[in-house]
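Quick heads-up: structures coming right below.
The following pair of complexes shares a single chain, chain A, combined with chain B in the former and chain C in the latter.
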Partner chain A sequence: MTAYLLHLAVLSGIYVILAVSLNLIIGYAGQVSLGHAAFFGIGGYTSALVSLHFGFPFPLAVLSALVVAGTCGLGLGLPTLRLKEDYLAIVTLGFGVIVDLVFLNLEITGGPDGLVNIPLPRLGGVVFRPQGLYIVLVLLTLLLILGLTYSLVRSYHGRALRAIRDHETTAQVMGINTPAYKIMIFTLAAAVAGVAGSLYAHYITFINPESFGLHTSILLLCMVVLGGMGSIAGSVVGAVILAVLPEMLRQFKDYQDLLYGALLVGLLILRPQGLMGRGKLSLKFITKKE
Partner chain B sequence: MLTLKSVQSGYGRAPVLKGISLHVRPGEVVTLIGANGAGKTTALSTISGLLPARKGAIEFAGQDLTRMRPERIVTLGLALVPEGRRVFRTLSVTANLELGAFYRQDKKQVRRDLEELRARFPILKERARQAAGTLSGGEQQILAIGRALMARPKLLMLDEPSMGLAPQMVTRVYDILRDLKKSGTTILLVEQNARAALKVADRGYVLETGRIILDGAAAELQEDPEVQRAYLGKGYREVWE
Partner chain C sequence: MFFQQLLNGLTTGAAYALIALGYTMIYGILGLINFAQGEIYMAGAFVAVLLLATGQVNFFLAFLAGMAAAALVGVALERVAFRPLRGSHPLVPLISAIGASIFLQSLALLLFGPNDRPFPVQFDFSTITVAGLPLSTLQGAILAAALGFMALLVVFVRYTRYGKAIVACALDRDTARLMGINVDRMVTLTFFIGSALSGAAGIMMAIYYNATYPRMGLLPGLKAFSAAILGGVGNIPGAILGGLLLGVAESLGAAYVSSGFKDATAFAILILVLLIRPQGILRGRGD
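Presenting the complex of A and B:
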């Protein structure tokens, strides 16, 4: 039983990292990303591959995941985020599907079978085992990321981001380089998702494309919306609920999606700002701004 | 200080400004009046760099603005109070004001300016921590003007500051503009409310479907039969949006 709870805690921790990073894009910069799981996957595969093929030690593998996922984010953000309209939603949706297909069809990623025997992380002489110290590793990373995120959103730059979310053109007239900020935050969020991918790969020690598809992207979006856009604490709560809930409802697995749907609809009606959010949820990638 | 020479601009393929020329000298209050759709907002957007000028030249303080990005233009001392106020709704009043000074490096002076502004407009102090979206229209307009002033502009541009405000709030906003004029602020004021604008301005331009059809001293324009007929006269009614 403890092992099971520990497992849930580790998974929740990883999802919290993902949800918090996605919230930076959605809740702070006001952009919609529908392919966040792709960066999660890129991080996971990168970290696994460099460990398996080049024998990279864990810290270096995490760093590789961070750099590769971040670079992909930059590559995707550069052409799309310079535009004012919400092209990001469409582009990230497509990107998620493409990345998923790439994982599924490349030889190096092991196709549908994925990668196996990913080594457990080691630091010095310590091995972080799933039933043991792994949770410490996840929590430390999580705390570090939460700390950085909080200081970012409370800084001068965080305020600039929120100004962009509230009104992009006006933010620009205030002297805020809005494309640079949007690209910066998107790259950062992608890099953080890459780190989460690395933590996931070395925990499960076996990864396949299934974990990183559209389903996961939507799940992450739900976590952010449930918790409240623009609220870091909300993302933590939303991620934990949606990571733990499916496990609780294992015996009703067939009805899981039904429940998610009901949950989101109920939320939109009763509390459109999310559990802890302040701003109201606006599906502005469907409707038009303002 | 600011000079536009036969500037053309618009959205997509539709031309809105069909070659306008105007200038603002230091210390002057110049107004650009015209009906809905004449191109007033387009003119301000083009000056601020939000829309590219297709033809013509825009010069401010000896610099060519036509190829400059909007976030650079504000650093030259050109601040805009946008149409419909556009305060950052979810941010606090103070955060809005501080964002007005976003580009400035002299943080100590920014703090002093903020205190000064609060002394001048006590409402900005009373509502300091309140989200800007919860303010009334008039209060938001004062905030938007305060936010622009925080940039320490050499030229302040206002886009229809009276739009959608209650009559007594319009008076209040124009009192502020008169104060700013007295303290020597250079202003380019775009208005549909010609009556109010011409009262405070030194000079004016009349914009009609993308062309300047008339210009002169504000007092002259007020007396001009064409302006009276089209903008001030009998057929004139205030348009609340």
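Presenting the complex of A and C:
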């Protein structure tokens, strides 16, 4: 039982990291990404491959995941972030599908079987085992990321991002370099998702393309919308609920996706600010007309 | 070989074009993407297949019923997932449509199960030789039907009162309202027509691949969206051209480049188009 609770805690922690990073793009910069799971996967595969083939120690593997996922985010963001919301959504979605197919077709990623025997993380003489210390690793990473996110969104840069979200032209007139900010936040969110991928790969110890497809991207979107777009605390709550709920409602497993779909539509109509969104701010963003 | 691939591409491309027409019309009038277009395609196919499986319905009647059911799903979708959110940040209806898409897909999964259903009526299709080239009558029939639907749509939009009213709404909703056009009704009509065409595409592909399943609309839906952008979103001939081109590119890519990356072709084209010529081949109203 404890082992099971630990498992849920680790998974929730990883999803919280993912949801918070996605919320930076959606809730703060006002852009949609439907391919966030691709960066999660890129991080996971990078970290697993460098550990398996080059014997990188865990910290270096995480760093590689961060750099590679971030670079991919930059590579996608640079040409596409000038696009309007819906175009960006479909491009990121397409990117997710392409990355998924790359994982599925390349030899080095093991095709549909994926990668196995990914080593557990070691620091000094300590091994972080799934039933033991792994949760500490996840929580420390999570706290670090939450701390950084909070200080980012409360800084000058955070205000600049919200200005872009609320009215891009006005933000530009106020002297904010909007493309640079959008690319920055997109790269940052991709890098953070890469770290989450690394944590996931070394925890589960085997990965295959299934974990990083469109379904995961949409689950992450649900977490952000449920918690409230533009609320970090909301993303934490949303991610934990949607990570734990399916486990508790195992007997209703078939109805899970039905619920997610209804949840998205229902929330947007009835409570667009989500569970934790600050009513006024988020509502303004929601009801804003172009 | 080349001719055969070209023909395969045109056949799937015709289906993409029909779905792309739905996207483009809805984008034209509301300025938003109906992410659930692929599920409407699936709904049309399922209704036709289930009706035919009873063995008591004529093929053409089942085809029409499938289109009608798809149209109704589209209209209901607009009422539930789009209309309450009109005038909000463009992100909001987008996410709502994604929700509706997941909902419809999992509903179909619950109602009909995950397995492929074969098409209940077997046609006696053969291969005929035209000018020394082999031509399957099935592909010929699908292409002819798709082109027929497209021609009907173009005539409707260009020459009828309602078609012109839809164009007026797409050009400027407020002015159209001032001219006495009931904009809400035109939006409903647009969803009705666009969804009926997607439903028709769904039935044709259910025959072509001999498989109907809950997730069948996912990839065709996304690819058709790429097709709409390729041709110029909001532009009706553009959607047709984009769909056919995309189908051919995909088929030739699978044959001569890599079959594993067949599904990536559409998205690679999409990203390239958005970078190089975001307004599409035939200038649409995208930015």
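Simple rule for what comes next: the second predicted complex is superposed on the first by the 273 of 290 C-alpha atoms of A that agree within 3 Å, B and C clash if a C-alpha of one lies under 4 Å from a C-alpha of the other, contacts with A are read in each partner's own complex, and residues count from 1 in each chain.
In the analysis below, a contact is a pair of C-beta atoms (placed from the backbone, for glycine too) under 8 Å apart; a residue touches a chain by one contact, two chains touch by 3 or more.
Remember, predicted model here, so these are calculated numbers, not experimental data.
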item	value
Touching partner for A:170 - first (chain B), second (chain C), both, neither	first
Residue contacts with chain A in the superposition, chain B compared against chain C	C
Which of chain B and chain C A:93 touches, first, second, both or neither	second
First (chain B), second (chain C), both or neither touched by A:257	second
Which superposed partner A:246 touches (first chain B, second chain C, both, neither)	neither
Touched partner set for A:159, first chain B, second chain C, both or neither	first
Residues of chain A contacting chain B in one complex and chain C in the other	none
Chain B-touching residues of chain A, taken from the complex the two chains share	159-160, 162-163, 165-167, 169-178, 230, 278-279
In the complex, chain A residues that touch chain C	26, 30, 32, 34, 79-80, 83-87, 89-91, 93-95, 97-98, 101, 104-105, 214, 218, 221, 225, 229, 254-258, 260-265, 268-269, 272, 285-290
For the chain B and chain A complex, residues of the former touching the latter	48, 50, 69-71, 74-75, 79-80, 82, 86, 88-91, 95, 98-100, 102-103, 147, 151
Chain C residues within the chain A interface of the complex	32-33, 80-81, 84-85, 87-92, 94-96, 98-107, 109-110, 218, 222, 225-226, 229, 258, 260-261, 263-264, 266-268, 270-271, 274-275, 278, 286-287
